[in-house]
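Okay, so chain A shows up in both of these, paired with chain B first and chain C after.
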Partner chain A sequence: MLAYIARRIVYVIPIVISVALVCFLLVHITPGDPLVAVLPADASQELAAQLRAAYGFDRPLPVQFGLWLLRALHGDLGNSIATGRPVLAEVMRAVGNTVTLAIAAAIIGFTMGILLGLIAGYFRETWIDKLATSFAIAGVSVPHYWLGMLLVIIFSVELNWLPAVGAGPGGSGAWAWDWAHLQYLVLPAITTSVIPMGIVTRTVRALTGDILSQDFVEALRAKGLRETGVFRHVIKNAAPTALAVMGLQLGYMLGGSILIETVFSWPGSGFLLNSAIFQRDLPLLQGTILVLALFFVFLNLLVDIAQAAIDPRIKRG
Partner chain B sequence: MSELPLSATSDAALQAAPVTKARGYWATVGRRILRDKVSMACALVLILIFVSAILAPWLGLEDPYKGSMIRRLRHIGTTGYPLGTDELGRDMLARLIYGGRLSLVVGILPVILAFGIGTSLGLVAGYVGGKLNTAIMRTVDVFYAFPSVLLAIAISGALGAGILNSIVALTIVFVPQITRVAESVTTGVRNMDFVEAARASGAGPFTIMRVHILGNVLGAIFVYATSLISVSMILAAGLSFLGLGTKPPEPEWGLMLNTLRTAIYVNPWVAALPGAMIFAVSICFNLLSDGLRSAMDIRN
Partner chain C sequence: MLIEKTTRAALIAALALATAAAWPRAASAETVLRIGMTAADIPRTLGQPDQGFEGNRFTGLTMYDALTMWDLSSADKPSVVIPGLATEWKVDDADKTKWTFKLRPGVTFHDGSPFNADAVIWNVEKVLKQDAPQFDASQVGVTASRMPTLASAKKIDDMTVELTTKEPDSFLPINLTNLFMASSAKWQALYDKAEGADAKAKSQAAWAAFAKDASGTGPWKMSSFTPRERLELARNASYWDKARVPKVDKMVLLPMPEANARTAALLSGQVDWVEAPAPDALPEIKQRGFVLYTNEEPHVWPWQFSRVEGSPWNDIRVRKAANLCVDREGLKDGLLAGLMVPASGTFEPGHPWRGNPSFQIKYDKPAAQKLMQEAGYGPNKKLTVKVQTSASGSGQMLPLPMNEYLQQALAECYFDVQLDVIEWNTLFTNWRRGVKDPSANGSNATNVTYAAMDPFFALVRFLQSGMAPPVSNNWGFINNPKFDELVKKARQTFDPAARDTALAELHAASVDDAAFLYVAHDVAPRAMSPKVKGFVQPKSWFVDFSPVSMVQ
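Up next, the complex of A and B:
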């Protein structure tokens, strides 16, 4: 097991470096001079050259990348152009809110998905299966930002039950686990949960159906095992794959929250990314994407290791 | 007496046999999907949306750009404006139908482009193997390290707003996914006997890829690509929704959803209409792709 973990970690290193390279190059595919956002419109040539040297933009690209990577390794992602504060601190504060949202959505989406998937897979080709499958397809096909708007229209505008936007009465800084704050989480969490719900339902349904059609299930039933016991075997066999899919979905929720956070003005990393894009705050843009992508890479690593831990067949491969 | 039904069935089987054999694989798939009610209903809805988007200027609709301050945000069912008017008093029905033109192009074109590029890359990587395979597939892995929404937004955010940039960003998102599928099916076919036979009879790598491999892998890659259209539609409209796609006053579903967001307290259900269009197209493509997949799985 330890050897497997070590091997997986070694595989991750080149990926991390390439991810950093992509994030670094993002700033350089932007049309125009990266200094435009910082320079006053009437800046003199000397000032421009001075700033260019200060930011290191006058050096060759590979050198710039090396220096940037070295600083990033020390936790220095530069300062936001808009606020002047360190990028890493800004990103980490926002990521906390996104994690809250993603975990709430995961609890809803994964529970629903596993239940619906098991039921649909067990009662295959019946109306229950069709209902659950339609629900799942609707979940993966719905533009989630639109679903968020619909929920706001129904529960905030028409019924006036839940708040439409924001993350609590005290703003983003003062989150607490009480109803006054939690009610702000309900609609964004439900909206975020529909895609993972749909995907987990489809995965678990397919797995359950496949496992139930295998010979060993027939043997279990023949030796007199009750259906609840058969079900335990189904869950055991479906767990590794289902877990991998759920891990990936959690990563997508963390990294892909920008649309939902924009709809609900949820002060997370997606919201930060949105303002970074529109203020042309390139260090912030670069830093947010880097942190989110690294989260995703490490989550994938964790999922691989967890999968190997519960499924002994993987380690041999 | 007892032999009669037996010979009758075998006669029938003999008569039926040449017919089923004569029909090719794709003809069988076509017949199967034509019999699938869900797929056909989805195809009908999609054709309706496509045709009305193409024929929009000849349908006798209101001008989708002409607003009026005195008829802003009319409700659904107002005479003369069956689907109401938007925040600038423009006819919603006209804007939804015209909106299909940009929305469908920006949603579908990236998948078509990625299908072409990804299939070529995957085919070459899978067939040639070795160092070239490593180079292509490791590059693909890097893009897999980003959640697709984040990658699309990062690229179009860096390139700046615009239709062309959205298409480029989405194509970059889908190329790695299609390449991976194409590579894996190609590796599966590469070592089969008929490929070996073609090589032994002197066929060059290009001929083998084009004649012997492409025909055997294209179906699987195509089905996978059709399943991406739904995601692409949602992402393309999402980019516009964020303000990264097309610019006002152009009718486009994602952008319409964005500008109408300010009106949800005044006229909520009109504000929700453009999203319903995105949803309809997305779910129809998803169901059609599922139908195609099961129609192509002849063994079942």
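Up next, the complex of A and C:
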């Protein structure tokens, strides 16, 4: 097991370097001026050159990448061009808010997804299955930003039950786990949860149906095991695949949703990315993409290790 | 009976207690104005905001003052420059590059330090003197470009400064509205405490700390700040202009870049005021009792023409025909649901810089068709023109539908309009590079909207031949000696009234030359709760929050 973990960690190193290179190049090869946030189009040529030099954009691209990577390895992602604030602090604060949202959405989405999937798989080809599958299809198909707006219209504008935007009465900096703050989380969390809910439902339904049709289930029943006991075996066999799917979904949610966070003005990583893109704030954009990509890489690593722990066949491979 | 009496007595006592408890709270209830901005982040708070004039509106003019300021008190009259932290100014009779500014006495920064000549020099040098400790490259771009001729500042005495320009420039007092005065004493204290490997690092750390705990002389003081989420400003009860001491206790600024989210926040009572509500929600906003404010903004939605050799726009008949072929009222009443003012130039009648152009920009299709026929075009020989535009962007209003409207309108006057749609930041960057750059991609017009607050931004940078790329925004390389002469005249006319007359001449000449295809002015729509009272929407990009009050 330890050798397997070590091997997986070694694999991560080239991935991280590639991710850093790709995210650096992607934001630099797109057209437009990287200083657009601080340099109006009417600035003089002399001023533009002065600022380009001050921000180091006059250096060759490989030198810029080398310096950026060196600083990044020391935990310094530079300062935002638009705000002057350190990128790492900005990204970590936003990621913290996205994690809060992702966990809330995961609790809703995974719980609902597993329940609906198990029910649909167990009652396959019945009206119960069709109802649960309809929920799953709707969850995957409905554009989530549209659903977000719909929920806001119903629960905020018409019923006035829940706030429409923001992350608490005093912002996320004053976050507390009480209803006054949690109510701000309800609508974005439900909106974020619908896609994972749909995907997990479909996955678990397929797995449950598939496992229930296998011979060993018949054998278990023939041995006189009660349905709850049979179900325990079904869950155990479905768990590795379901876990992998949920891990990926959690990764997507931790990456933040530009659309959902913008619709709800939720100050997470998606909201930050949106701002960085529109302000063409390259250090912030690079830093945010890098941190999110690393999250994904390490989450996949954790899922791989967890899968290996659950299913001994994996580490043998 | 006894029980009934006791109950009644208890009730009365409880009521009295409750009233007594509630009374002081009611008397001292804090009034808070909550605003949903279109910005995705709080504009920079350190004195020179980013995010264009929305930044100046919310974190510039609120916490800071400049030597000169805009009069924002009227919804009817054009907004003009008035004394701010300078009470009077004059140019040297012998050397027109030297100006003397008398400073307002008795003004203090929010941290209690005095505003004086040293503070002015310190603030000029924060953006102009590269070896000054407080020099901050991140503030230079948004400031120096807006006061392009200012070179240096010198102290005459505690309350008098001398400002020097690179060349004689009568626009200086107008340009100085963009230089906000931050507290040097506060910054120095933060600099002394800052950690950093060298002076530059310490300076950056001091500015970062200053942004979190800002100090200006404005009517609002920073109260609390959560980056990207909220900025709370408290009224500055000791503001130097007693008529502009804010009426509400606190103002909360919230970034809400998505129009539907802003609208929902207003309709659900989460905020009291939103900038630019979702256009299709306007009927509902009004129907629910909210109030919609609009006014003509110093903003122009144009096509800027290429005037290089071979451009079809070099023929004045073609330029005039395009201007006469657009039904702007139809655009306003149809596509834009009333949210525009038809443009007949950069400035509309009533503005001091409007002048008296002889060419009247209006909808006259037969006249436009006649001009095109005179120029050699007709139903069987259409003129192909290509315009570069964006799908969205700051100030661009509805660029694609509006350009498609123009495409259809101009087709009736024998134009074949092709659209080259690119990303907003790229369009903006290409604007600076000019029509001769390959980035123009064969287009012979560009559709970048502009602010027309001051003469340099509204006229000079487009019309003066020396402003052609890479110097500034004369994208199409306009080279008209008459414009150059009028720019020079305006810049060297130092009596304000005579300067305005010269600017009006320049504007009239540009309209007579049909220098642009003038289409629309934005109206800066904002929607408010009926609880918001006392608001005046001036003809400006800026507003004064001080007279706004909240009724319970």
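The rule is simple: the second predicted complex is superposed on the first by the 287 of 317 C-alpha atoms of A that agree within 3 Å, B and C clash if a C-alpha of one lies under 4 Å from a C-alpha of the other, contacts with A are read in each partner's own complex, and residues count from 1 in each chain.
Throughout what follows, a contact is a pair of C-beta atoms (placed from the backbone, for glycine too) under 8 Å apart; a residue touches a chain by one contact, two chains touch by 3 or more.
These numbers were taken from a predicted model, which means no experiment stands behind them.
Asks: So, A:Gln45: does it touch chain B (first), chain C (second), both, or neither?
Replies: In the superposition, A:Gln45 contacts chain C only.
Asks: A:Gly251 in the overlay: touching chain B, chain C, both, or neither? Say first, second, both or neither.
Replies: Only chain B is touched by A:Gly251; chain C is not.
Asks: Scan A:Leu272 for contacts with chain B and chain C and give back first, second, both or neither.
Replies: second
Asks: Between chain B and chain C, whom does A:Val157 touch in the aligned arrangement: first, second, both, or neither?
Replies: Touch partners of A:Val157: chain B and chain C.
Asks: Taking the superposition on A as described, I'd like to know which of chain B and chain C A:Leu26 touches: first, second, both or neither.
Replies: first
Asks: Just to be sure I read the superposition right, which of the two partners does A:Val186 touch: chain B = first, chain C = second, or both, or neither?
Replies: In the superposition, A:Val186 touches no partner, neither chain B nor chain C.
Asks: Let me test your reading of the model: by the given contact rule, A:Trp146 touches which partner, first (chain B), second (chain C), both or neither?
Replies: Only chain B is touched by A:Trp146; chain C is not.
Asks: Between chain B (first) and chain C (second), which, if any, makes contact with A:Ile128: first, second, both or neither?
Replies: The answer is neither, since A:Ile128 touches no partner chain.
Asks: For A:Thr83, decide between first (touching chain B), second (touching chain C), both and neither.
Replies: The answer is second: A:Thr83 touches chain C but not chain B.
Asks: What residues on chain A does chain C touch that chain B touches too?
Replies: 31, 149, 152-153, 157, 262-263, 274, 278
Asks: Contact residues on chain B for chain A in the complex?
Replies: 138, 141-143, 145-150, 153-155, 157-160, 230, 233-234, 237-238, 241-244, 257, 261, 264-265, 268-269, 271-272, 274-276, 278-279, 282-283, 286-287, 290
Asks: In the complex of these two chains, what residues of chain A are touching chain B?
Replies: 14-15, 18-19, 22-23, 26-27, 29-31, 137-138, 140-147, 149-150, 152-153, 157-158, 251-252, 254-256, 258-259, 262-263, 273-274, 276-278, 285, 289, 292-293, 296-297, 300
Asks: Applying the document's contact rule, which stretches of chain C touch chain A when the two form their complex?
Replies: 36, 40-41, 44, 46, 50-52, 130, 137-138, 140-142, 144-146, 148, 204, 207-208, 211, 226-230, 254-258, 260-261, 264-265, 267-270, 422-423, 425-426, 428-429, 431-432, 439, 448, 457, 461, 470-473
Asks: Touching chain C in the complex: which residues of chain A?
Replies: Listed in rising order, the residues are 31-33, 35-45, 47, 50-51, 54-55, 79, 81-86, 90, 93-94, 149, 152-153, 156-157, 160, 163-167, 170-174, 262-265, 267, 271-272, 274-275, 278-280.
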